[in-house]
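The two complexes that follow have chain A in common; it is paired with chain B in the first and with chain C in the second.
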Partner chain A sequence: MPASARLMTPDGGNGEVLRASLAYMVAGLLSVLLMGLLGLLMRVDQAGMLVISPVWFYRVMTLHGSGMIASVLLAAIGGIAAAVSSTTRLSARALWIALVIYLMGNGFVVLATLVGGFAGGWTVLYPLPEHGLIWSLGSALAMYAGYLFVALGLLLFCVHLLIALARSHGGLTKALAWRYLFSFGRDTRDALPRPVELIAAVIAIDGIAAATAGAIYLVPLFAQATHLVTSVDALFAKNFVLLFGHTMGNLSIYVTAGLVYAALPAYTKRAWPMTWPVAAAWNLIIPLMLLNYSHHLYADFAQPLTLQLLGEIGSYAVALPSFIVTIIGALALMYRSGMRWGSASIFFALGLWGWVFGGMGALLDSTIPVNQVMHNTLWVAAHFHTYFVLGALAFALAYLTYVVEMLSPLAARRGSDAAAWLYGVGGAGFVLVFFISGANSIPRRFAVHLPQWQPYARIAVAFVVLIALSLAWISWDLGTRMRSAWRATQLPSGES
Partner chain B sequence: MSPHVVFVTLIVLGAVWTACWAFVLVRSRYPLPFEQLERSETTIRLVLLGGLAIVSIVLFAVTIRWLPFPNTRIARVGAPQIVVRAVGMQWSWEISRRELPAGIPIAFAVGSRDVNHDFAIYDPGGRLLAQVQAMPGYTNHLVYVFPRAGEYTVRCLEYCGLGHHTMSVRIIVSDR
Partner chain C sequence: MIADGGAAVELHGFVWEWEWELPLLIALLAVEGGYFAVRAWSARRGRERDRSRSALAYFTAGILVVAFAVVSPIGANDERLLSMHMLEHDLLMWVAAPLMVLGVMPLLAKADWMPALARRSVILVTRPATAVTIATVFVWAWHAPSAYGLALTNDAAHAVEHLCYLVAYFIYWWPLIAAPSVIGGLRSNAARAGYLIAGSLQSGLLAALLAFADEPWYPHYLHVPGATAASALADQGLAGALMLYPGAIVFLFAAVLTIRTRERER
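== the complex of A and B ==
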């Protein structure tokens, strides 16, 4: 079978879906590069090496945060669409429409921050967007509009994905393997979904929940901005914006974990079939992913105690199925497999390391007494940058590399493996400096760092440069092979 | 809880994880039929599941006593003897009393006049000791006992706009 055909449906009809998926991945990863440069600019400023004004720092910070979350998720969902498309009939038109809406949202965010001067942070924490003192209400509304479009694009994608999976398996419960799950693996009358299909269904459900939370958050804010209501409860707003934003961030890592199930077996030459632990773990993720956002509200003492404790319990609980099933499963797949090493498998391995190490930082921080001395220091930035740089982004790069390898006849450049390892070294150093900074109580989101804090940022800059160099090489390598990969998606099944 | 203890914990856990990860990567080059490994994988999973579940439950139970919320703090350190009103606003703090004694429970009643802020107490060495959100429409109570005399700094740790990084104030703590 030719390489390109393995990614296609039996009737060869998903070439258009693959093209749309590639567009998601490429647009997402290109945007990640730009957002990463903004991140570098922020660290250079905090290091005192190139001082930008606080006005611009906070604009850049707002764009970097919101843009990075949206970009990584975009690349991730593009990957998952490609991964399920070999067995699930997706509509290329629906994917393109969702992409356009999603990118329109990103466009509004760019306009709001760079042109409108909005600098309210990615959390757009009410009432700051309407009380920024230096930006107009119009720019805040543009930011809200951006989030609304992103939420709508995500909603459309997730609804379409969920319907397609349900149709493909004869019902949603079958796509979620419930009969198999609740019979403890004894009832196998239904054809079981592949792990990546089950994961796609799980993230589609949580994606719909996150997008709905975003809409619930934005509606009263629009109403307040247009004087339809006088005020919005600050605690309500905080809960919903974090349910939206935190779940968006979480989705990135879980979606890309699905890509590990889809592509890692190609390198280990071992199958990763649906098993009862996989079904149980991923069905558990559905409620648990929606609970753990509240660990960001421990310092809000007005939050009901039940929700506070649920935040800690949910944070511990969500780690167990992910670690026991996905991480251990991936390591078992790799162990003594005679693994085929290349840049894709290196990125997969780095992603596993980063997911666990970032998870450790997150778990410590989700312990309420620890959070008392870590919340809103750079420790918080450390844990989610570890998830993103060395977790979700590494997995997304791995999967894109895998797809390009499958579709393009051109081989990877010689230096790409070294570039992938360099990415790991740069990423690990970069996040470690964040963790050390957090342990030294350095606040996050400060445009100006005290002289005693600046050395940490200087060290971080060096590691970010390593990341930038490695990504430049990887982008060049993938970019030169992308054209032939794109052309291969136009081939009917059976031709190479 | 000291942030440095937390960091050392992370490094120890991270080193163990990195060693296991590196071991798997190195051994991935030497193939063995998967059937010979499946039973070990299941055993490892069950042991880890049991171990981590027990650790999580114990950690949760132990930390309940150290919750920062007012009732738990009062149960541990006693009822507050002084109440200090602290109001955050873009970009300064209005604090009813800035000279305070060490060694006795103090309740900071923290609110906000405009947007969300975070009332975070730093010790003279620059270490974060305790914090609570300052929210519009709410008053949060942070009960705290200053361990020793010195010049403490209150910083805002919730991003609140252009002057966020400038929003700090000194508190002088003296021995009784």
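== the complex of A and C ==
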């Protein structure tokens, strides 16, 4: 197996970290299933097949949106911890504490929406949460508390990851391969990090920035709730909440892309070493991922033009380098490799496909003239569902399948490959309906759909059912093998 | 002052309202005395570590927190304000109970001196699922309006309610605080994380139901002089918040303090 695809053997000393990583992935993906069911409920409602009240629709929508972002990211960072743990010493304690804090944040969000009735959308755009007519300030505060705990959990994880990587490579600049990068690949005196380690360092930096932005957003709002300040500038709040939430959403896809570097070589039997384009592309992500959120503020006339332009430039620039390098690199790795097609490799291929099409949808949406027409339509839902369902989630499923394959002696069930393809068919149909709906100007975030819009949602429901069936099968298969995989991570008896 | 719409429950002189309940103080002194006696007996049996001063300090601090919760203005106003009552419970469940576990731990760590039946009982109640269930059942059952109403009107029931919280959370904190080698101690970080999540989820759900309710749960607080439905509801919202947020912080600290660097599975 190529060095870049190693997963430490069970008695290699990182069993505790692997166990924590598995817990992240399993908790994240179980949460994805629950949030997916809420998504199905929303589409069934929009199809007119089962009517839920608009009050409940928006609660469900808020929980679905915030929960999905948090869940996919949780599974993704668990995967990256497992991937880097073979060569980087991580603290299982830090990982478990971060997980508990993160899940407590998720719990707050569930309570704020389902019990407190908060229904202001995952973006919690200020000042709407303060003045909700169908929810109390208390439920808005519970939502903020949820975000604060999630931000704290993410911050702890990212700080720990970054410190561990810097220690492992003798400094942060070495973990980021800067000497190699700025010499245009000529200076190779430093031992180069594996691509997944570089990506882990990049996402840790952006994760810290996102969590900090979350705190900058949330602290004034808590201060306002306790009457320490009278009001908060709405544009400031909107910029920071999107810098926090949008970056978290972006992190999911980029973290899971890192998992492709970690595991795809195991299936193609080809190494994926660090190259200059890989180093350049992923280092560029550090500033660019923090700029592109601004494309959600094109409709805000008060937003300075500079930030609007940076949003457009950032949106294009963030996607292209890593996108091209990763997609071309992965396709080159797969081409004529005699790759064994199993559920993991199928999910990797689907993820690449989803990332391409989701990215194209995102690029179109981030183009200002297009955005002004399309941004409040289902086109936006189409692009982020494409790179979530068919990109990030597919990559996360692929990596979890890979880890279970590595650790469990039990083979996958025969139907799992078919289930993975079925996931692709369901996912493609589901997002295609979103794209067509957006192109037909069907608005997003509408609880009640006009009769002429409902056929789209009905078709979508059929595809969501396919996704649900495939995920049920995959979950059952992975669940039955998880026990032996978990045991395989345990240290030999007597060690502690 | 809890106020809404012009009506209010006045809390002038709040800090001076101490309620010196002699029977309770005697009971607490008796418990502390019992602790000393067991400690001395244990020391005679040659258990050097049973005499640790920190354990004594923890247990005594736990007893003092119980006393403070009940006799201070917090406890003295628990029949006027639900929020004070909730703060009182917070102190019992989340401060006093873990302190007492820390105090008792060295005495009970080695269960070899216990009679077999007592030992089996300890093993049974400190199983994670049992401990969480006990905490959940006790806390939820006592928050049912009828049970809560009884506690507010009957001193004996009130004392039993507080004792239930203390015992339930003594049992809850035990598996987390106990070392893996100690009877009932959780043996992996995965178990600790899951246990903390389960514990925080059940208390968080109850707190949220209380905080976000549309109407007051406990009619008793509607009949407090000066109270209105609005002020009682605001007080109830504050009570829920006092259970939700400090609870989350307690569980966060518990995670930091109990999740170990090196776990031991077997």
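In this section, the second predicted complex is superposed on the first by the 481 of 496 C-alpha atoms of A that agree within 3 Å, B and C clash if a C-alpha of one lies under 4 Å from a C-alpha of the other, contacts with A are read in each partner's own complex, and residues count from 1 in each chain.
One rule holds in what follows: contacts are C-beta pairs under 8 Å (C-beta built on N, C-alpha and C of every residue); 3 or more make two chains touch, one makes a residue touch a chain.
Given the structure is predicted, the values throughout are model-derived calculations rather than measurements.
Partners chain B and chain C fit side by side in the overlay (superposition on chain A).
In the overlay built on the shared chain, the residue A:142 is in contact with chain C alone; chain B does not reach it. Once the two complexes are overlaid on the shared chain, A:258 sits clear of chain B and of chain C alike. Of the two partner chains placed by the overlay, only chain C lies in contact with A:116; chain B stays clear of it.
Once the two complexes are laid over each other on the shared chain, residue contacts for A:447 go to chain B alone; chain C is not touched.
Seen from the CA centre of chain A, chain B and chain C lie at an angle of 120° in the overlaid model, rounded to the nearest 10. Judged by the touch definition given at the top, the superposed model places A:16 against chain C, while chain B stays out of reach. Once chain A of one complex is fitted onto chain A of the other, the partner contacts of A:91 are limited to chain C, with no touch recorded for chain B.
Aligning both complexes on chain A leaves chain B and chain C separated at their closest CA atoms by 17 Å. The residues of chain B lying in touch with chain A in their complex are 1-4, 6-7, 9-10, 13-14, 17-18, 20-21, 24-25, 27-32, 34, 37, 41, 44-45, 48-49, 52-53, 56, 59-60, 63, 66-70, 90, 114-116, 118, 120, 122, 126-133, 135-138, 140-142, 155, 157-166.
Chain A makes touch with chain C in their complex at residues 16, 19-20, 23, 91-93, 96-97, 99-101, 103-104, 107-108, 111-112, 115-117, 136, 138-139, 141-142, 145, 149, 490-491, 493, 496. Considering their complex, residues 54-55, 58, 119-121, 123, 125, 127-128, 131-134, 231, 233-235, 238, 268, 270, 277, 298-302, 305, 308, 312-313, 316-317, 319-320, 323-325, 328-329, 331-332, 334-339, 341, 349, 352-353, 356-357, 360-361, 364, 367-370, 372-377, 379, 435-436, 438-441, 443-448, 452 of chain A touch chain B. Contact residues on chain C toward chain A in their complex (touch as defined above): 188-190, 192-193, 196-197, 200-201, 204-205, 208-209, 211-212, 237, 240-241, 244-245, 248, 251-252, 255-256, 259-266.
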